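First chain written, first letter: the chains are A, B, C, D and E, and each begins at residue 1.
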Amino acid sequence: MQRAKSLVMPLAILMYWQLIASSGLVSSYLLPAPETVWTAAKSLYASGILSHSILVSLSRVFQGFGISCVLAFALALLVNGSRTVEQLLSAPLALLRMIPPLAMTPLLILWFGIGSTTQLAIIILASIFPVFLNTRDGLRRVDPSHQELARSLQLGRLRYFRWIVLPGAVPSIITGVRVGFGYSWRALIGAELIAASAGLGYLIIDSQEMMRTDDVMVGILTIGMIGWLLDTLFDQLLCRKLSRRFPEICRS
Amino acid sequence: ETLDISYVRSPFNLQMIVMKEHGLLESEMAKQNVDVKWHEITSGSQQAQALASGDLDIAGVMNTASVLMANAAGNPVQILAGVSRPTDTFAIVGAKGGPSTVAELKGKKVAGPKGTVLHQTLVAALVKEGMTINDVEFIQMGIPQAFAALQSGQIDAALLAAGAIMNAQREGAQTITTATGLTVPTLVMATSEGVAHKHPEWIDAVIRAHDMAARWISENKEQAIELGARQQGVSLADANTLYDWAHFTQRLDQSDIPNLQAEMSFMLDNDLMRKPVNIEAIILPQAMQAN
Amino acid sequence: MTILKNITRRFGDQVVINDLTVELGSHPVTALVGASGCGKSTLLRIVAGLLTCDSGVIDANHKNMAVVFQEPRLLPWLDVRENLALALSRAHNSDPQCIQHALGQVHLAGIEQKFPRELSGGMAQRVSIARALLQKPDILLMDEPFAALDAITRSELQQMLISLVAQESLQCLFVTHDLNEAELISNRLLVMHAGKIVASFVKRDGQYPCSMSADIHQYLNQSLGHNENLSHH
Amino acid sequence: MQRAKSLVMPLAILMYWQLIASSGLVSSYLLPAPETVWTAAKSLYASGILSHSILVSLSRVFQGFGISCVLAFALALLVNGSRTVEQLLSAPLALLRMIPPLAMTPLLILWFGIGSTTQLAIIILASIFPVFLNTRDGLRRVDPSHQELARSLQLGRLRYFRWIVLPGAVPSIITGVRVGFGYSWRALIGAELIAASAGLGYLIIDSQEMMRTDDVMVGILTIGMIGWLLDTLFDQLLCRKLSRRFPEICRS
Amino acid sequence: MTILKNITRRFGDQVVINDLTVELGSHPVTALVGASGCGKSTLLRIVAGLLTCDSGVIDANHKNMAVVFQEPRLLPWLDVRENLALALSRAHNSDPQCIQHALGQVHLAGIEQKFPRELSGGMAQRVSIARALLQKPDILLMDEPFAALDAITRSELQQMLISLVAQESLQCLFVTHDLNEAELISNRLLVMHAGKIVASFVKRDGQYPCSMSADIHQYLNQSLGHNENLSHH
């Protein structure tokens, strides 16, 4: 039932799309009809390009986003642990946060070469900040009464962090990770602009340049649906694992 | 009513610059009571999209590859005038101390934008030396990225255009070959089939303004180059070089047809285009040299 | 033995602890009574080292102190067992027996798996008492620990506290509003008013002076209605 | 003192940059020396281009991000208010969140033309999701005991929202807005790729195409520093306004 | 008049309210006593309509009810005045006099501007009482409202409650652990045990039967030690 409802809108959009396409009001070049896209998808799948692209992109995103999360947590810990570090890092982090990664590609190539490192760097730059800021703000928001409790229990730094600070930040961290994941997935395009020869982003860019809108649509929809799927899986996993301790992160 | 036209300055489209800066198109269109709106939308695919959506009436400058691909994809874009055949503006550039001839490219890393005239030039150059694209390690990236990769020593050669070539040369890189003799990159002014149908008088006005700009340029060459330099933000010397490289033209001629054919077969061979198009049909009669 | 000398603590303009001097811990159980808002909890937090004071000296050979706060302060994301385990130093952390024993002491055997949101007010308060006991403190600071308990449970826990103090050379500072309770379990009784200790009674031969109750009422009465204004400067 | 510390790192980076540049190891076209960039900045400023670009981009970002915030709040409210709406919208929102806005330019051009609407749409797509997800998760996390209190006080929906749900979500919302602002600022490049004739993003793209790396650096640094400045101002404003009610959002 | 018929409420496996039948509100003040964890707060929440029951009927001509929860439940981001203003319906919202008057009733005049984190435990509890009074309820449900107050303040507030009930035809259901308090202010006393009302005493001529105290102790005693097991199924 739940699932059914969440499929209503996609189906409605599909129908609307079909209607527009068959009405002929819109250039089929800009918006190819669903069946055209479906045919394109089938032929991309048959040629093995689609599955290969998916695999390449998935592994790229998992690597990049994994590093992103680790870095973001480490940074949040550092910044949370010391006021001086926070002040020292505030300016570089704010600058990096504001500068478009795409504008930095020449510099990134200079530093990281044209291999996969640059691609990972772009994914990291695109996705690290939601994770970092949400984690930092979550860690910062320890309840003062819990802080006092920890001192009266003479908890060591580690146990204080493990049992009080971290759990208090869990809901924020989850939000951050979900937001960040979206961006890392989106960053595929930017990352695969540079020296990639496969991947969903590459597929989209390449098809766009060759003006094959049907393949572009296949790429877009594949990116969208895989992302949606992963997001839903993540959500359900969390609910299963955490709902007893954090009833507020899942709806009843 | 308004005429929407895109404003594309690079690589060094002097007629465009003069046409806009001198308000030539505006005064031509004013005779028909039509306003002119300029849009800075420069990439070939985006101009093709905007023509298809009806947001753009005239694509100021497009390369013929984009025109061919758009048509192959079912987007009827039509050529209304020539702009230039800048064979020297596109080049294969070898890294400092790296390859200096096409033969030396064998097994080397070459980076550049795929599916463009630069790509085609590379293939043609290799073929001329009895090699194929598989004899080099071709890496896909945009021109600024390829330039950065060349300068930081990540690749052996880059496919560059215009200013990037000059900058690379200043840094010690050497031009292996330009497109001259290999391909003829052609820049054209284009419109959509719908506009060509509905407003032939607009097309004529655009061509008139385009011609007026060319006339002014030939009469005031120094001033024109200076204007171009200012608009492009390059030095006068560089602007002069760009001018020389550009090989401006106002019309296409019969020699362009086989060039377009060659370009199309290149794209068909490399799976950049899926089906051939009728080249005669995408060139408006006004675009051809009256001989 | 902890000695507080001329302690003063302000919150903003308000002087909450006002040049207070007292010696604690020379008696096994000291009860602290005083009107609501007079500064008892603040004093306890200063003794426990959880709050700094603006001036004055705290002369404590810092022993192991445990605090029972006025509210239970259980961590909502930990179940009862985990909340209690926090009080165990790492070495004994793996010992489930301690925890069971402490829960037994507060008559809550068998609720290890519950989360704080599933406890009643009195149960949560008792869990927080158990947590303090698990710290095996030398000095136990308790802020109205039995306030949410019914008469019978309360008297059982009072008995437990008395026997604990007797057995384990534990010292206890105990804030309460219940004079009967104070009389029953304390050896000394301090009356606090407007940030100062205004009176102190000592139990002799198991008995407080019989005028005490009336005296205390007088002190408390004095504060009513103007306890907010008294300590403003 | 505080301020001084946060300037240490930028200065260190500047010195390092100067060192690298004057060592001659790196092509000055890839990394122009600080003085070159400074000269370029002065001439861009003198010609009025820089200030014009800044103004254009600021107004574009403020418009786009303003709409983004309003939409995000509205969506969060909708989704928070009704489980059905949440399920209906979940799939389209997740899809939109995962799809790179740059891949959607053909569709955006189709829907919004090549005017400023498309530019705003790109900024909105780039920045709406952090605000939306953080707001939604913040609103969702009402303390159950506060919920019970509201029912026993018989608060109307509006007052319940105004006094209980919304304040509870404030820290999350602030994090979301800060994250989102970074992305809207970054999106300038993507937005000004399409039919812009001024703005910092345009300046960067244009200079990149013309191989004027010094101007590119001016653009990048201007974007970074203005963003940093605005972020700092926002932070201080919040601290001033909210620290009494929400002591946890500012460090002591 | 509210009548509860055969109310049952489970939390998981545990039956917390067990086929309970009682009629409330036929006396001005009903006191409810019972061991910690026996289900008093749960019953109150069911009466107030804050918790559904698994079976049974609640026959209430729903009057205006106000609840004083076992914890103060003040909103941390609102100062005292704003916390109290929440209880005013929109019409009177602009009246600062009400709020001052209510704060006076609980002896906290002048703390409008403080935030909950700046209040002592007893002060916070009194603010929550003031909030309930501001709702001008017909039925006042109070869960150990005076537990955190010193003897004097407590008796002042007891007097206030008594006179309020007398003046304003207010009915009150009052959970307490203090039998003296229950005897003093209630007209009827219910004893709860393991989710059931096991005894009920009515005041006649201002007096409860003199055996009551012993009876209650017996009931409460019965539950000790096995109050966890009793209600499991």
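Following the convention adopted for this analysis, a contact is a pair of C-beta atoms (placed from the backbone, for glycine too) under 8 Å apart; a residue touches a chain by one contact, two chains touch by 3 or more.
Please read all numbers here as calculations on a predicted model, not as lab measurements.
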Hop across touching chains from chain B and tell me the fewest hops that reach chain C.
-> 2
More contacting C-beta pairs: B-D or A-C? The answer is B-D
Separation of chain A from chain D, taking each centre as the mean of its C-alpha atoms, in whole Å = 17
Distance between the CA centroids of chain D and chain E (whole Å) is 50
Multi-chain contact residues (two or more partners), chain B = 49, 53, 144, 147-148, 151-152
Within chain C, the set of residues that touch 2 or more other chains is 71, 117
Multi-chain touching residues of chain A, meaning two or more other chains, are 30, 106-107, 110, 144, 208, 213, 247
Using the touch rule from the top of the page, what pairs of chains touch, sorted by label?
-> A-B, A-C, A-D, B-D, C-E, D-E
For chain B, which residues count as touching chain D in their complex?
-> 4, 6-7, 10, 38-43, 46, 49-50, 53, 55-56, 143-144, 147-148, 151-152, 163-164, 166-168, 170-171, 232-234
Given the complex, residues on chain B that touch chain A span 45, 48-49, 52-53, 66, 69-70, 72-75, 111, 114-115, 139-142, 144-145, 147-149, 151-152, 154-155, 272-274
Spell out the part of chain A that touches chain C in their complex, as residue ranges.
-> 145-146, 148-149, 151-156, 159, 163-164, 167-168, 170, 244-247
Would you tell me which residues of chain D are touching chain A in their complex?
-> 2, 5-10, 13, 26, 30-31, 83-84, 86-92, 94-107, 109-110, 129-130, 133-134, 137, 140-142, 144, 171-172, 174-175, 178-179, 182-183, 185-190, 201, 204, 208, 213, 216, 219-220, 223-228, 231-232, 247-249, 251
The residues of chain C that touch chain A in their complex are 45, 48-50, 65-67, 69, 71, 73, 75, 77-78, 82, 86-87, 90, 115, 117, 131, 135
